[in-house]
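In what comes next, chain A is part of two complexes: it sits with chain B in the first one and with chain C in the second one.
Up next is the complex of A and B:
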């Protein structure tokens, strides 16, 4: 069973597609980073997964269930921390925990109280009086004490300072290693997520550009550099993600399992950040087909 | 879910309760005063359709004494509107701030969340309107005994209609709020629309839904009993068939006889010596028919608007 599997999933708001032809599969037990620029469709995908939105096209199953169809069976198994972790500002910390207890049959009150105590937050403090980092921790506590099988985090650290960012992600890591739950978390900055994730989904302009396990992605992608004239022959055997040319040489970031057996071409490993930037950069300014043809001529 | 809903609308419910306490504090002293004046003047014995001359005089002086404050208190008819839109605010605020997403990602279904929250808001609105009606009705008791309860200024604050008005205002603000997703404008627009529709209903629709009776009687005789405690929409000198006599009487001249909203019949009689009087009126016997139908109308539209707000939220919120 997949934590999340989508087939041709699409969501349209008015005449704008926020997500289009999205097909992906996230295995149970994985920690998946959902990366893409602002407006790429990350929030839409997570809200679809939580059942906050209904798909316009395609099919989506989360933990084997259709999110909006059987909410009573579905909701207790999935937790969600929305962007900017909105909490009830007029509530106290205690009220917020009580809300979790009243609204969740699977609520683990001991866990919630232990975490709040560990954070050193007074139960009587109003949410509005907490710092952004503390609010995000309370929101995460609310999500974790629900004892979900899948945790969805939408831009959980975007609004946090570096220290709070680190603390938040450490907590997520701890929970994953203790409980083995599946996590999908989004960010427009990969650096935030790289150290916690084992799977990657790149989204841009409402479409998925790359889906896979990070180890596989690293193994498949490499940078090859060689003489300018022969770029086309190399490109023929693999997908060129990004092409850079100087006066004398061409460097290609390619996705391929095939090796280039040509002494004039050098091959290098690339790190994840560069791969992501290559995909997003290529999507932002796609190289027209004709230009590649021109290189072949 | 009930605790959560209550916690989320607690502040607004407390404000509504404070408004009721304020209303009670304003009304209590004058209400006690009026009740003791009523007892002191022995007016309880004078409330029939044909009071003795002494009774007429006592009623006249009692009315003159408390009519002004009675008309002031008529403005309390705005309170159901205020309470209604106020209780709509918590729901709309959650849409505005996006905190409904926090609730919807716990384990309750959106449907249950919507039904519980709207139900609790409507429940609080009902309780508040019943309390308000209770206070105002107690206060008006003596005045109602001598003047009846058909005039708009009284009719709007007693019986069952305040309940309809409160639900109506709640529904209006909710409907505007779920579409607009801004609480402050929703409350203001909701109240504005409530006020405009109430004025329209009072001035125009009520007499169309319940076409008034008319009656012509010999001016020298006693007032017809059917006019007792009725809502007199107009009363003027006429001929035998009810056509107005003295067509040359100008508005200015008529206004000489006007005392506030009502035209003094005695003044007319002294000045014009008409043989007949003609009145257009809603009889007191219609009170409950009108009240229940109007309550049903306002409450019905209110419930439809509340249901619309729930449906819209369920379909569109996310």
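Up next is the complex of A and C:
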């Protein structure tokens, strides 16, 4: 079973498509990063997954269920932490936990209290008095105490300082290692993703550019640099994601399983951040194809 | 308390699971990890490095396939008997012999790059062919 599977999924608001022809499959137990610039469709996909929105086109199954078809069976199994982890600012931590307990039939109060204690947060402290990092941890506690099978996090670390970011992600990953929960998180912060996540979805302009297991993505992509004139021969049999040229040299970020057996071409491993940026950059400003070839001849 | 702690080079381009595999292999070769030693638990590694648990599981599975470690269900992952290429004392002896050689090379005026180049060239079978 997939944690999430989408076939031709689309969502339109008025005349604007927020998500189009999205086809992807997220395995159970995986930690999936949803990356892309603001407005790419990340939040829309998460809200569709949570059943907060109804798809305009296509099919979506989450934990094998259609989110809005059987809400009673579906909701307890999925938890969603919205952007900026909204909480009632005038509630105390205790009130917040009580609210979680009243609203969730599968609430695990022991887990919630143990986590708050572990964080060192006084129960009578007002939410408004907590730091951003602490608020995010309270919001995460609410989500985890539901004991969900799938955790959806919308930009969970965007507003956090590096230390709080690390602590937040550590908490999530510890829960993954203990319970095998699936996680889908959106982020425009690329650092950390390679170590934190095992699957990646790149979204841009409402469409998916790349979907896959991160280890496969790293293995398939490389940077080759070599003499300027022969780029076409190297590009054959590979997808060129990004092309850069200087007067004498061409550097290509390619997706390919084939090796380039030409001593004049140097091959380099690339990290995930560079791969993501190459895809997003190519999508933002398409390179004019082979425009410079004539000049090189 | 675990015997070793992993570290990550985030920008190396080497997949994280492979970095862990390499560090365990290296630690076994150097005698830092010995048969029967327990590797850090998945949860410990996840917490200390903030990495994906599946990555750690994959690394440990790979090491298991290579016969270097064995997972004991519900207990942990341990360095396998027979994983060490040499007894620790032999490793120690070889290391000190190499240290003496390195000191001689430095005294003769080689820098670290020169020493590394000479060492790796000596290891290569091609260099033997050339000499012959």
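Methods note: the second predicted complex is superposed on the first by the 287 of 297 C-alpha atoms of A that agree within 3 Å, B and C clash if a C-alpha of one lies under 4 Å from a C-alpha of the other, contacts with A are read in each partner's own complex, and residues count from 1 in each chain.
By definition in this document, a residue touches a chain if its C-beta (ideal position, glycine included) is under 8 Å from a C-beta of that chain, and two chains touch if they have at least 3 such contacts.
All values reported here derive from a predicted model rather than from experimental measurement.
In the superposition on chain A, A:185 makes contact with neither chain B nor chain C.
Within the superposed three-chain model, A:278 lies out of touch with both chain B and chain C [touch as defined at top]. In the superposed model, A:62 makes contact with neither chain B nor chain C. By the touch criterion defined above, A:26 lies against neither chain B nor chain C after alignment on the C-alpha atoms of chain A. When chain A is checked against chain B and against chain C, the one touching more of its residues turns out to be B.
Of the two partner chains placed around the shared chain by superposition, chain C is the only one that A:166 touches, whereas chain B remains out of contact. Of the two partner chains placed by superposition, A:138 touches none, neither chain B nor chain C.
Residue contacts after overlaying the shared chain place A:91 against chain B, while chain C stays out of touching range. Those residues of chain C whose C-beta lies close enough to touch chain A in the complex are 8, 10-17, 42-43, 46-47, 49-56, 58. Interface residues of chain B facing chain A in the complex, by the touch rule stated above, are 1, 3-4, 7-8, 11, 97-99, 101-110, 318. Contacts from chain A toward chain B in the complex involve residues 47, 50, 52-54, 71-72, 75-76, 78-80, 82, 86-91, 95, 98-100, 102-106, 139, 142-143, 146.
Those residues of chain A whose C-beta lies close enough to touch chain C in the complex are 29-31, 166, 169-170, 173-174, 176-178, 191-192, 194-198, 215, 218-219, 268-271.
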